[in-house]
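For reference, the structure discussed in these notes is given below.
As written, the chains take the letters A, B, C and D, and residue 1 is the first residue of each chain.
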Amino acid sequence: MANFGGHAIPGSFFLLLGFWLTVKHILQHYWRTSKPKGRQIMPPFFRKINYVEGGFLIFGAFVGIMVEQFVVDGPHAHLYDRENKSWVKLMNWQHGTMYLFFGISGIALVASTASKLVPVGVDRLALSLALFVEGFLFYYHVHSRPPLDAHIHSLLLVAVFFGSASTMLEVFIRDNIILELFRACLFILQGSWFYQIGFVLYPLSGPEWDLNLHSNIMFITMCFCWHFAVALLLVTCISSVVLFTVKRFSRRGQDIEIGMRNTASKSSSQKALLEESDEE
Amino acid sequence: MANFGGHAIPGSFFLLLGFWLTVKHILQHYWRTSKPKGRQIMPPFFRKINYVEGGFLIFGAFVGIMVEQFVVDGPHAHLYDRENKSWVKLMNWQHGTMYLFFGISGIALVASTASKLVPVGVDRLALSLALFVEGFLFYYHVHSRPPLDAHIHSLLLVAVFFGSASTMLEVFIRDNIILELFRACLFILQGSWFYQIGFVLYPLSGPEWDLNLHSNIMFITMCFCWHFAVALLLVTCISSVVLFTVKRFSRRGQDIEIGMRNTASKSSSQKALLEESDEE
Amino acid sequence: MANFGGHAIPGSFFLLLGFWLTVKHILQHYWRTSKPKGRQIMPPFFRKINYVEGGFLIFGAFVGIMVEQFVVDGPHAHLYDRENKSWVKLMNWQHGTMYLFFGISGIALVASTASKLVPVGVDRLALSLALFVEGFLFYYHVHSRPPLDAHIHSLLLVAVFFGSASTMLEVFIRDNIILELFRACLFILQGSWFYQIGFVLYPLSGPEWDLNLHSNIMFITMCFCWHFAVALLLVTCISSVVLFTVKRFSRRGQDIEIGMRNTASKSSSQKALLEESDEE
Amino acid sequence: MANFGGHAIPGSFFLLLGFWLTVKHILQHYWRTSKPKGRQIMPPFFRKINYVEGGFLIFGAFVGIMVEQFVVDGPHAHLYDRENKSWVKLMNWQHGTMYLFFGISGIALVASTASKLVPVGVDRLALSLALFVEGFLFYYHVHSRPPLDAHIHSLLLVAVFFGSASTMLEVFIRDNIILELFRACLFILQGSWFYQIGFVLYPLSGPEWDLNLHSNIMFITMCFCWHFAVALLLVTCISSVVLFTVKRFSRRGQDIEIGMRNTASKSSSQKALLEESDEE
């Protein structure tokens, strides 16, 4: 959808996802670092969070596909126009394909949360593939556009492909808070960059941008770095706020539990030693 | 072989290989997750499966090379024509070279199954190299063709090189079900994409495709993603069916064995603790 | 700042950083390999070193940004000139953006040294991103310059991107002395190459370089390898000198401590065996 | 040196190195898999082998540099000709630079064998850098040559850069026989490809090759894969021969030792269990 709204909607989607992922992974990180050693099972709270996230992805993908198909000037589920011998609204079909893979990643998240049979890491693989497909389609999307238009979209690809690569790494390096927050940061960057694309290509007010001016390209390149710096700042702030809030609340509730844990660990020194070797 | 059949044959080969690998790796995964702790040796059933797969690869490669050489308009083992001072049917020789490396990977699979002297992972390295050589030759293959022809072949390269990279990873990360199924999925994608190339370049019915139309290229790019989505769906479905079938059958036969294992593990608690540290 | 000084300042900065990192990591390496097994906490000396390094980065970045902004022909915090409808001194803004990210990496280093809440590896991630942003901006920087100018800057990118990749690896592979010294070596290479760029583009004496001559490009490519060889040599020499100096001094001071350690380790053989398994 | 000999000399050098590495790493692999558990120190035999290899690299590099400098039409240690204002024989200087880095890798190998202070893996890093520098210089070497000449050299780069990447991996993944033999295989490939380049560009007999014919490029691409297949075959054959020879000889000599080892391991079951956890 070639207008400001068509960039603001995915932008808001990715911004929201980025904020959500930051909060979720900081909570998981806190739980991992503070949990008693024996408990390995994910508490029901995180399962619910994953269901909500998966549902959000599936619902968003479904709505996205429907809107792209049945918007006024959409293809209305027609792919090929036999009369004119031409494809019908391929842009909308391409956007729909991108949404489809995010929907698949939502399904993978729900499935891997619900069942132990689904191997650990499938959700990350599916998300990585969704980002890869998004980047892959965008890569051929920008063909034969004016320089600034092509450049501003190719900068989006930097965020998308780095996100895909870092999410792929998470398939093998599980529960690494740095990778998880980096992913959240790249989603926020992607979201805010969608807004930036909207502002540049379809300015709400003021003059049009000259799409062929080299200095505009130079500014946009730098602007991308600023968005990245802001995204890093946002992730840092949100993480700190969530972490301190959780710490204050949990200190009151878990005093008794911690007390018990300490006693237990002291009473069985031999077992503790073996458990230490267990953890390496 | 520049006709529909010349693309359908490798397509069928890769589709078959992809389905086979899905079933094989799900069975291995089930065996790995359900086996008693002490038993590390691969059961004879999986050895036989590997022999069959290796034999299939060697046989397929041999037949492929022979067909490419001795087909009616083939080179008949002549490489250089001294009279005309030109190479003889280099396309057929190139396809033969691709088959050769798949044959080598078959030999590596048989050898690494048969002998403990062959280092673990050689079969994956050989398969990765076979895919790399295939992609490497295809990469220079598509030189100076019409845009759609070049594009549809370069999309094949995406599947081939990702397959090569992910198989190379398996040399170091062994027994990772996600990587194994991903490889199977990429083989299915490659197989179905060979069919797609056949349908586009040598349509069985209907009008010829315009090889220079940009919208055709855009459609084909998206179509590749759809093939990928279908390949993911197929792998998921086959995996689920195989897993549930195996679970039902094994539940009947192994009740006694599981009973024995439980008793054994309870009787020696000290040993169990040490074994736990053993497994980290 | 397009003059010799504008290349000598960052060059000196990176050279200094490279030497500093060599000394710091060799000291840390010595401490890691010679410390008694029980002590895992970083001694206060290294914390102080990290604070100094972080402060140096933050201070350097702040000064760099201020100089780029408020130098005589700088943008003076003006980004867009509404009258001429043009961007103001984008080069200076771009350099400022590069400094900003090195400042962020300094903050990350200070934060991760000061607080245990900051996950291990954030400092390396931030440094890797700073190098990536530097390379990223330089990559679009060299657009439409004469061949030798573009080439000499693109060689800088080799050092920058390899540095970024190797620093990113350090997020996952901690305390690997090879990676740490390789990073220091690449910083020294980067610093000396900045000087080389300055000498070539703004020669202090002698004739101007012909920026279009192919043999100049060939020489510069080879010259880059020589700089690299010298950087390797420097890192080796500094490491050796530091290591031997530290060894001599510590031998006197720690004799008693080592004696105690040996006694302690012999007295508890059972614990030692368990600890050995602990360390794997 | 633009003649057949100038390609045959490095070709022989790399072929020899490849064969040497195959034998060395198979011997090391045999020692690793058959050694009693307690012995971690490399036997003096392998130290001597490493000294010989390092010395060979240093000597070869020294001779190479001298030959390139003081050959009849060489630069004779003159870099810049002030009279003609031109660089003197940059090709020879570039080749000398390549040799220099192989010499450095030889020094690193000797140093890391001789002293425990040199961190493990430095020899591999230096070899990886030597290969990278070789590829890096070749990459800019092939500029503005006829198509076949450029192509045949760029194929060399495939072997060189894959060798560099796989050797870099060995810095982190030590004692992996697959990586080690793959490296040896790539050296053999590189060596034989140098001969191929010599045969194509400076044919000893027969007609000159048409450097612009597309079918020649296609053949050479395929020919590279054949060289690779032969290199794989050679490594496999040499490995098998060495392994069986060593097995036969060692079976006679070590019978007593193995007997002692078996007895020792049975007598201390508690220790063995702990050692098992030690090895994970």
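In this section, a residue touches a chain if its C-beta (ideal position, glycine included) is under 8 Å from a C-beta of that chain, and two chains touch if they have at least 3 such contacts.
Just so it is clear, the model here is predicted, and its values are computed rather than measured.
Q: Through what angle, to the nearest 5 degrees, does chain B rotate to match chain D on its C-alpha atoms?
A: To map chain B onto chain D, rotate by about 90 degrees.
Q: Please identify which chain has its centre, taken as the mean of its CA atoms, farthest from the centre of chain A.
A: Greatest centre separation from chain A goes to chain D.
Q: Counting shared numbers against all numbers at the contact of chain C and chain D, is it over half, same, or under half, different?
A: different
Q: Could you tell me the distance, in whole angstrom, between the mean C-alpha positions of chain A and chain B?
A: Comparing mean C-alpha positions, chain B is 31 Å from chain A.
Q: Need the CA-centroid distance for the pair chain B / chain C, whole Å please.
A: 43
Q: Counting only residues that touch at least 2 other chains, which ones in chain B make the list?
A: Answer for chain B, listing residues that touch two or more other chains: 274, 277, 280.
Q: Among all the chains shown, which pairs meet the touch rule set out at the top?
A: Chain pairs that touch: A-B, A-C, B-D, C-D.
Q: Using the touch rule from the top, collect the residues of chain D that touch chain C in their complex.
A: Residues 85-87, 90, 93-94, 97, 100-101, 104, 117, 119, 121-122, 125, 129, 133, 136-137, 140, 143-144, 171-172, 271, 274, 277-280.
Q: Can you tell me which positions in chain A touch chain C when the two form their complex?
A: 29, 158, 173, 176-178, 182, 214-219, 221-222, 225-226, 228-229, 232, 243, 273-274, 276-277, 280
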